[in-house]
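Listed next: structures, encoded as structure tokens.
Shared between the two complexes below is chain A, which has chain B as its partner in the first and chain C in the second.
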Partner chain A sequence: MSIDKDGNTQYYAEDAKIIGKTDRDEHFACVQYHHTMGVTARDENGKVIADESTGKPLNVDEKTIMTIGAGMQGGLTKRSIIYQGNLKDIEELAHHIEEKRTEAEELNQQTIYPYEQYKKDFYSQGHHWNMHVDLNACTGCGACQVACIAENNVPVMDKKEVHRHHEMSWLRIDRYVFRDYENPNVVYQPMMCQHCDNAPCENVCPVAATNHSSEGLNQMTYNRCIGTRYCANNCPYKVRRFNWLDYNTADLFSINENYMDDEHMYTSDGLPFYADNLTRMVLNPDVTVRSRGVIEKCSFCVQRIQEGKLTAKRESRALRDSDVKTACQTACPTGAIVFGDGNNKNSEVAKRLGNPLNYVVLEEINVRSSVTYAARVVNRDEAFEA
Partner chain B sequence: MFESANIHHTMANQSKEVLYGLYNDEQVLLQAVHKAKADHLEIMDVYSPFPVHGLDEAMGLSESRLHQAGFVFGAIGTLTAFLFMTWVFTRDWPIIFGGKPYWSIPAFIPITFELTVLFASIGMVVAYYTVCGMAPGVTNPTLDDRITDDKFCLAFQTNGASQQEIDKLKSFLTASGAEEINAKTI
Partner chain C sequence: MSAAVSPIREPLIQGSKTYHQITEDICSPTERTPSMAWIIAFIVASSGLALYVFCLIWTIWVGIGSWNLNRTIGWGWDITNFVWWIGIGHAGTLISAILLLFRQRWRTGVNRAAEAMTIFAVMCAGQFPLIHMGRLWLGFFIFPYPNTRGPLWVNFNSPLLWDVFAISTYFTVSLLFWYTGLVPDLATVRDRAKGLRRKIYNFLSFGWTGAAKHWQRFESLSLVLAGLSTPLVLSVHTIVSFDFATSVIPGWHTTIFPPYFVAGAIFSGFAMVQTLMVMTRKVLNLEQYVTLEHIESMNKVILLTGTIVGVAYLTELFVAWYSGYIYEQFAFYNRVMGPYWWAYVGMMSCNLLSPQIFWFKKIRRSVFWTFVMSIFVNIGMWFERFVIIATTLARDYLPSSWSYYVPSWVEIGLFVGTLGLFFTLYLIFSRVAPVVAVAEIKQILKVAGDQYTGTNAHKAHHAKGAGVHH
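Now for the complex of A and B:
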């Protein structure tokens, strides 16, 4: 970090300059789109898709942007991922969501384990943790992601690792851009483990490393995990992360691993970055440091849940809604994320569950996620829109 | 050797006195076996370097009951897997998996199937070795080395037989076309 002439810290590189052609292929790394950048869009017959007005060939991302229902990330099929509408059409939007949810519910009834009975048997007692994300309030700032990384000892990946899909973030901000690709609209969607009551990841674990708690938490047992990654393959939300390397120096495997090309990532003793005792103090002692070869994912900040429950127990009272707050919830500047006990009818999250704009991502596949989203509503002037 | 699944082999440790004839051709052997059966002679065993079609019917061997044993072993495997999982997931250590009840039969099917196959296959191998008296380290004496090569052998047990009976067997072997007739105690 440099100091400018007025004595203020500058948080950007002052010495950046354009140097012209280098004859090098530089890879672009970003979580959602980096392998589709610059790929020409083609229709089913292999014909290049061009912009109607200019005749310029479009790349797949630009084509994706044209219609929100045909996006790359989840939009290939008509699935419930993003709902958004204009304020003047809010009745229509609410009706559309209700219709879609009824349709999904009908599909979900075709099961050998009826959910209502199951929920009554397993989750009617005690807590059932739920989260509500208001897409109207979300500005996509990413504070929740940073808070999650700090709280849960999530390794921060560099460009090289992100480019080969090794991003480790437990919470990601998906962005869905639509309409005009020159001047697109965008909806941000924080996506974390949905803690599905019918979790597909749990069924496929051969060693029972992931299972459900009686409070509806989808929990990971890191030391039982053998790293088959079946769960990550089976996760419809793609929120499970695999530790390809020992990023946090949990087992000191990193001594044998030259995964970091950057010499700054090593201490003066030649140890990896995290092996330094002082550096290790950034780690949250309440959260396990995951070693190489295990899957990790959002835990709904289970350490905070346990702390809240213990506080209530110590004070001999029922758990209050304010006792448990997840890291992303506390960090959100607009209060878009609300977390709490869904079984407690007076909790903030239970009140929000009554919102008619609520929907569940991929509700039609009967995973019964514990996270609900409120559809994005914009108030846009038609004249401005045109 | 293939026709040696005879219970006499495995019984007792007492030595056996055997009178056997060696044949050059499997058709001659087959006719000899038919003739011995017709004459009500008690055949100890027939040895052949390769399977001879019709020989087991001629000897009057019953169909192997190995597949019945296999079914029993498989059934044991099915029950073992199913009951063990039932006990684990309902009594010993109930865990919630993916929105299923603790006792979710469809989820038990793969392991039940696998243990069925495992028990049946291993059980049948053990049963086969036991019945045939075969095991690592066990040596079964051969009457003549050439019966694993190009000779066919028809053997009679002669423990306690009178000289007259032995002569009768010898003349039967000669008449049925045996190239060589030997007596051996194994």
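Now for the complex of A and C:
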């Protein structure tokens, strides 16, 4: 691959030939514009391009995301979103994570509302739902995303809407490509609502449509939501989804319901897609279908939590780990996602919370996320790296 | 008002006006048939209003999906327009309240139009928080009213709720202030009118007779309302800035926002006053009441507030760098160098750089340059809000969710449409009410009329006036 005169790495194949034209413009719809987080490049001689001031390998993707200038080195890589390392440096990785987490905790202590206090007062009794995602186990297959869509009646968007970034998935797989661009590594990161105990979305809603349960769930009350989208703006993880149009035929007005095809749109036998009885059978009856103009997001499969709690109650016993499993957890073929009661010291999730490679995404902003990730460790021969 | 006038003060009323001439000059535009210029302007403005209504219905009927906002950028032109309009309103309140308390006589030439501008701008601003809601028909949820849902209260932690109170208070007080000032002038119009017109103006002027008791109450109420409005000049835009400052988004979470927003609001408000007054004084022949002295004073305010805003921009950059916090640093780097660099350039050049030409007295007193600059500042302040809102949201914490945003025709139509709403209201106002406060101009005639003060004053008046005190 080459570097153009502005110093941008050219990611496309240069020897491609056009063999025919369709005379039709097609939009390319994707859910993630930006994939890289610290990609190093080599010049024509195969030498890693170094930063002139520090001598370290230059992250060429820092430049490609800017319109003017050479980019800000570290603007992508210094974010506490993904942690990864090689197996032989695992000690170093664990140390690095610990250092970053200590630093974040130090910052988070600078508050007049110490979290430890209200954690003890409000969340130490009963359940506190936690999730653990092991980035080592995640293969990025997307089964969790599909399971979530099926379980939670999440509307599936067409190309036009995805092109406008109107995808509705509650759970997405973020891809971050890093290291040498000719032979890059990738981290897949399932990203869903982090159910923050100090959630920035909750305090900004003017009508209190999103609030916190005593079990640490960040809840959405759809019929209270008036759709200011302030919560979505203030979500650092950008996991909140807005019903821009009437995606589920659940609206007061019928203007923008999706029809099976244009032909049947205005005829008497034409039914909106979701008004068809057979189609409606895909919907999960345990989950509310959302109307246009409201925000929705991952609920930690609250319907399954409630069902599990009721089962335990009916059988007059304490809740077991196996009573509650989220849809994404059950779908994951590699067991990367573990969900459970963090207050129950015998639960699998509580055990996983002891992993020294654990970290919390964006821990330094003190939102007190309930989802913990385990850093990605690769075990690969150095010879393959180049 | 005191009769002591500094000799360096220029007269604020030119043309050796008598009291009758003042009444004649200012009231007659409401009595004549409208000029061709007014009719054309009104057709253009009301077409804009029609466009607004169309886009509004479209938005409600189709949904917010008719806009191009996306999962990353939840606010775009809608809230940009909201903040822009609410900022514009601030000059009217500053002129009517703070300048009244400081006894600045030049306010009398422009306060009526500026207050009207405030009210119309707040009306335009108030549209956006409503129509940006996904479910406008449930918008009444934002009011804390008794209900059977628990009762379920609003969330008093939310800055959007503070906005509801701030803006409704602001609109109410501004409307009261404006209308109070109008009462004696509407009575003046009534006294000159006949038939139905007389009846209407009699009703509108609450049966004002000009009795000493009326004047006493009028003055007291004006002072009380000025006292109420003064904190509003500072508080309203402070609260609007809290929409951003209390969030966690880098580039929004900034303690500098309240003073920076207030300065920006006064800056853009004065620019809009200039845009309106330069046109109004020309069309209605009011050059002797809205003089170059008035224009220069307002340009000085624009220079000052523009520079304050500029210092705030530079401070933001410095603090981002000094913070050592990567998200903050990136947010500001991205504002300047990222895909929305052109908005940042627009903001910096229109708000910080171009008003610096007002250091030159010649330009401060040039009607042409004043008009050009007022448009520049309006554009620049719109860009400022766009930079703060859309550019910041486009690239926040997780690079996976970054996106870009271009408005749809509906969003553009809504903005252009509110300009139509604003100018329709202003044009109607200029036809039905005196655009300069007749009673207040008369109050300052003896101290600021050019036959009494300044270099061309009649010496006899001075000698006589001074003699009284001996």
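Just so it is clear, the second predicted complex is superposed on the first by the 300 of 386 C-alpha atoms of A that agree within 3 Å, B and C clash if a C-alpha of one lies under 4 Å from a C-alpha of the other, contacts with A are read in each partner's own complex, and residues count from 1 in each chain.
Convention: a contact is a pair of C-beta atoms (placed from the backbone, for glycine too) under 8 Å apart; a residue touches a chain by one contact, two chains touch by 3 or more.
Please read these numbers as outputs of a predicted model, since none were measured by experiment.
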> In the superposed arrangement, which partner chain does A:129 touch: chain B (first), chain C (second), both, or neither?
Replying inline: neither
> First (chain B), second (chain C), both or neither: which does A:373 touch?
Replying inline: neither
> Taking the superposition as given, does A:213 touch the first partner, chain B, the second, chain C, both, or neither?
Replying inline: first
> Any idea whether chain B or chain C touches more of chain A?
Replying inline: C
> In the superposed arrangement, does A:121 touch chain B (first), chain C (second), both or neither?
Replying inline: first
>> Per the contact definition in the header, classify A:197: touching chain B only (first), chain C only (second), both, or neither.
In response: first
> When the two structures are overlaid on chain A, which partner does A:112 contact: first (chain B), second (chain C), both, or neither?
Replying inline: first
> Taking the superposition as given, does A:274 touch the first partner, chain B, the second, chain C, both, or neither?
Replying inline: neither
> Can A:292 be said to touch chain B (first), chain C (second), both, or neither?
Replying inline: second
>> For A:339, using the defined touch cut-off, is the partner it touches chain B, chain C, both, or neither? Pick first, second, both or neither.
In response: neither
> What part of chain A is shared between its chain B contacts and its chain C contacts?
Replying inline: 200, 203, 208
> Which positions of chain A touch chain C when the two form their complex?
Replying inline: 32-35, 37, 65-69, 71-72, 74-76, 78-79, 81, 164-167, 172, 174-176, 189, 191, 200, 203-208, 224-230, 232-234, 236-238, 240-246, 252-253, 255-256, 291-295, 361-362, 365, 367
>> Residue numbers of chain A touching chain B in their complex, please.
In response: 112-113, 115, 118, 121-122, 196-203, 208, 211-214, 368
> Touching chain A in the complex: which residues of chain B?
Replying inline: 95-101, 104, 106-107
> Which chain C residues qualify as touching chain A in the complex?
Replying inline: 61-65, 68-72, 74-75, 129, 132-139, 141-142, 152-155, 157-161, 164, 243, 246-249, 326-327, 329-330, 333-334, 336-339, 341, 393, 396-404
